[in-house]
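Dumping the structure here so I can ask a few things about it.
Per-chain numbering from 1; labels A, B, C and D assigned in written order.
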């Protein structure tokens, strides 16, 4: 009985951790961008203020049931994927042994798409043409980056004969080499796909302000937007932690985790500050050129 | 302090604190004052450090800036936009034209008194108001919010009929619904 | 001054030779006026465009001469070769204003004609273009006509800020109302 | 896939629109099949108001015609009035006018950098250039007293002489901005993504350019070299050494290259103006401005603004008030029918991009 209670407490603590870290990363991103742009920028905790304010707003938008479900889907997907990503080496954090099982990398790859799909359903119902266009764009772009991403994951799975994330972390711990060195091409592919996953410039075509207002979330305000922001920050933590786990040997304590994920996070952020935005078809072409090429090489590398 | 009727509860205090420090400003340049907004948001003045940032759609915005004169054609859109915004919402009238018509006091196509049509929390005067005055306006709005006095939206709901009457006087041929959610 | 108007005089002469009942005038440097009747305008414009190289339409304008009950339409065209501005002016009846549609000669005339139709009520038969251009739900007289009184319309339609009815200096009143001391610079402008 | 076309109202409240106007787009997928512009959201009836203002009051209202560069309207009006009146402008006044016009052009170019890059999501360049634009506005503030609206150019000259030490400040600012422009260019023009986005988008052919009356940078981007400053030199431009940027292609990229070239020309012109500034009077004094009458007549004064030819048709009936002042900004031509035509067949993502590159500025369309 006690263990289940602890598990639940641990799960909540994990969600809080992911939320906090993700929010601070968002704040740090805004601060860094501001510094690059010669500005002072908002405080690092600005995103917390934004989210609390959004939750405290009255929300009286109604476009149908799916519109209310959209943000819920998004946050469910983020939290569920979080439950399957080992936070620290050995799988657990704060009494919480995550739900890792031997097939969870495949499950995660699926789960990470689920949020966007739910969001697409919700945004589709709002009837705002900006949302509709944003959703089509988002799905097209997902097709773009999912293929190289899945290829790099498959390369890892074939190379190390395991589909479990904890299994991969153990292999890295035993051999002493990170997978970003044992299969560099898979790492390059995954990082390039990650640029698309984060929806930062040059791949921010989903919510490009100058084109489709804010895309799928055009009709979402107040609490919904707050849910979306929370879901986004949890999801950012999930993605970064997954990448650190499979490519950079995981982390044995929280400080190591934060350092590694933050270093990884800087790639899309810094690339984003200095790049204009692609058009939709250009973005897909981009993903189907070099990332796909590296993906094939990584597969060959893994096979031979 | 506990006996003070005007004292805020801790929840209200937190709400007002976050509201004042996170103002999503709707990206709608209704008039020429919009030219000073880029300057306000960029390096020398940097309004983002006060928590002011742009929002793309009215659903996400808290703050509507009426940047200058408002032609009747725009007024119709402004009302729609304002009613689509979610509570709590604030309006800043920007420039002399919103206060008394400014230099367009005898123009047939611009309204002269913004607060007859939508509630205004803070006015910034000047033509053009400098970025410093814009920031001063933001600060003023923040102090109003912190004191819980920026209740333009509530006023609008209370006096909806009065506002509607004024709006209908200027806007012809518009099937006005009771309230645009 | 007169000696430097050689190009301008030449253009005026050319037009005078080509068309009968028109009056041309080399006004000043770079500027030639041609006064023509309503029917002649399109042929003058076409002639200037095709034969004389006045390829670019700079402007089209309408002026309300309420006193003589006429509208004056002005087409200003410009030549990349001679760099002269040719003003082709015509006067049309104000009561039943109609002008030939010429947006096939210069496509941008489309915009000008839409504006003039809306602002002055000049009709261009055969002209396709949305009726509403700048105004919306306008029921009054076309606003740019001189007999439309904008101040009267404003007084009827809009509210005025209290204290501004007579357009007086209100600084003192505002200062008194808020209990402030009137600054010296304001006292200077005081009317009391 | 989807045969059904979507209607998207781009504006008036939309972050991508350049000002307060609306473009109604008919979309199939992401491709535009029909575009209709709706303007009039900024109509203030300037031309009606001018009928009620006397000549001097008109100058104060004119600069509100176009917000991104308020000085060309003043200059065009002053030129037209001087033509009707036959008033001469002192040499120093001409130079100061050109100086103000070029400074206005410079700040407008910097605003364009922000718009053009911001519409593709590259906000960093915009943040830099709009931040640095404040230095030019500081110069304006010192010279004229206002950051945005200056009311500096009067018929007959300029309102006041330059303050002490102003020349040095201008030169120092130019040095700084010239250095910074290289940075913007490295981030914007050297970016492969920007090149991909800009090339082959929003093409205006040579024939179309003449037919539709395209002016300014879009015209020079089609390979046709016309510039009012060269063709009908006004103020001090016949004494300055500068070149037009003429690039072939007619797409957004060519127009951007024209501006990239011309911003450097502008800086060099400002330096020349400061170095050759003649001494003497700056204003041909007029009688009591409030009782000032202009002889009957009409004239068309035109100047080159950053987006193209800015013209004023001024008609006087000999009274103390203008009979008619009709403005024609470049956006009047670019922003309505030409835009509708250019947008057909383009991608939705490029609407804001093309609008920025054509310099669509709604306040001067509807005035």
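In this text, a residue touches a chain if its C-beta (ideal position, glycine included) is under 8 Å from a C-beta of that chain, and two chains touch if they have at least 3 such contacts.
Since the model is a prediction, treat every value here as computed from it, not as a measurement.
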Please work out which of A-D and B-C is bridged by more C-beta pairs in contact, and write that pair.
A-D
Chain separated most widely from subunit C, comparing mean CA positions:
A
With chain centres taken as the means of their Cα atoms, state the distance from subunit A to subunit D in Å.
44
Between subunit B and subunit C, what is the separation of their C-alpha centroids in Å?
36
How many angstrom lie between the CA centroids of subunit B and subunit D, rounded to a whole number?
30
Please report how many Å separate the Cα centroid of subunit C from that of subunit D, as a whole number.
21
Two or more partner chains touched - positions in subunit B:
27, 42-43, 54, 56-58, 73, 106-109
Which subunit D residues touch at least two other chains?
14-15, 40, 43, 45, 48-49, 52, 127-128, 131
Among subunit C residues, those touching two or more other chains are 135-136, 143, 148, 150-151
Every touching chain pair, please?
A-B, A-D, B-C, B-D, C-D
Of subunit D, residues touching subunit C in the complex
36, 39-40, 43, 45, 47-49, 51-52, 83, 86, 210-213, 226, 231-232, 297-300, 302, 309, 311, 313, 315, 323-324, 326, 328, 332-333, 336-338, 366
For subunit C, which residues are in contact with subunit D within the complex?
27-28, 30-31, 55-59, 61-64, 74, 76, 80, 83, 85, 87, 106-108, 110-111, 130, 132-136, 143-144, 146, 148, 150-151
Show which residues of subunit A lie in contact with subunit D when the two form their complex.
33, 36-39, 129-130, 132-133, 136-137, 201-202, 204-205, 208-213, 273-280, 282
Enumerate the contact residues on subunit C facing subunit B in the complex.
135-137, 139-140, 143, 148, 150-151, 153-154, 157-161, 164
Which part of subunit D faces subunit A closely enough to touch in the complex?
6-9, 14-16, 27, 29-30, 117-124, 127-128, 131, 187-188, 191, 193-194, 196-197, 347-353
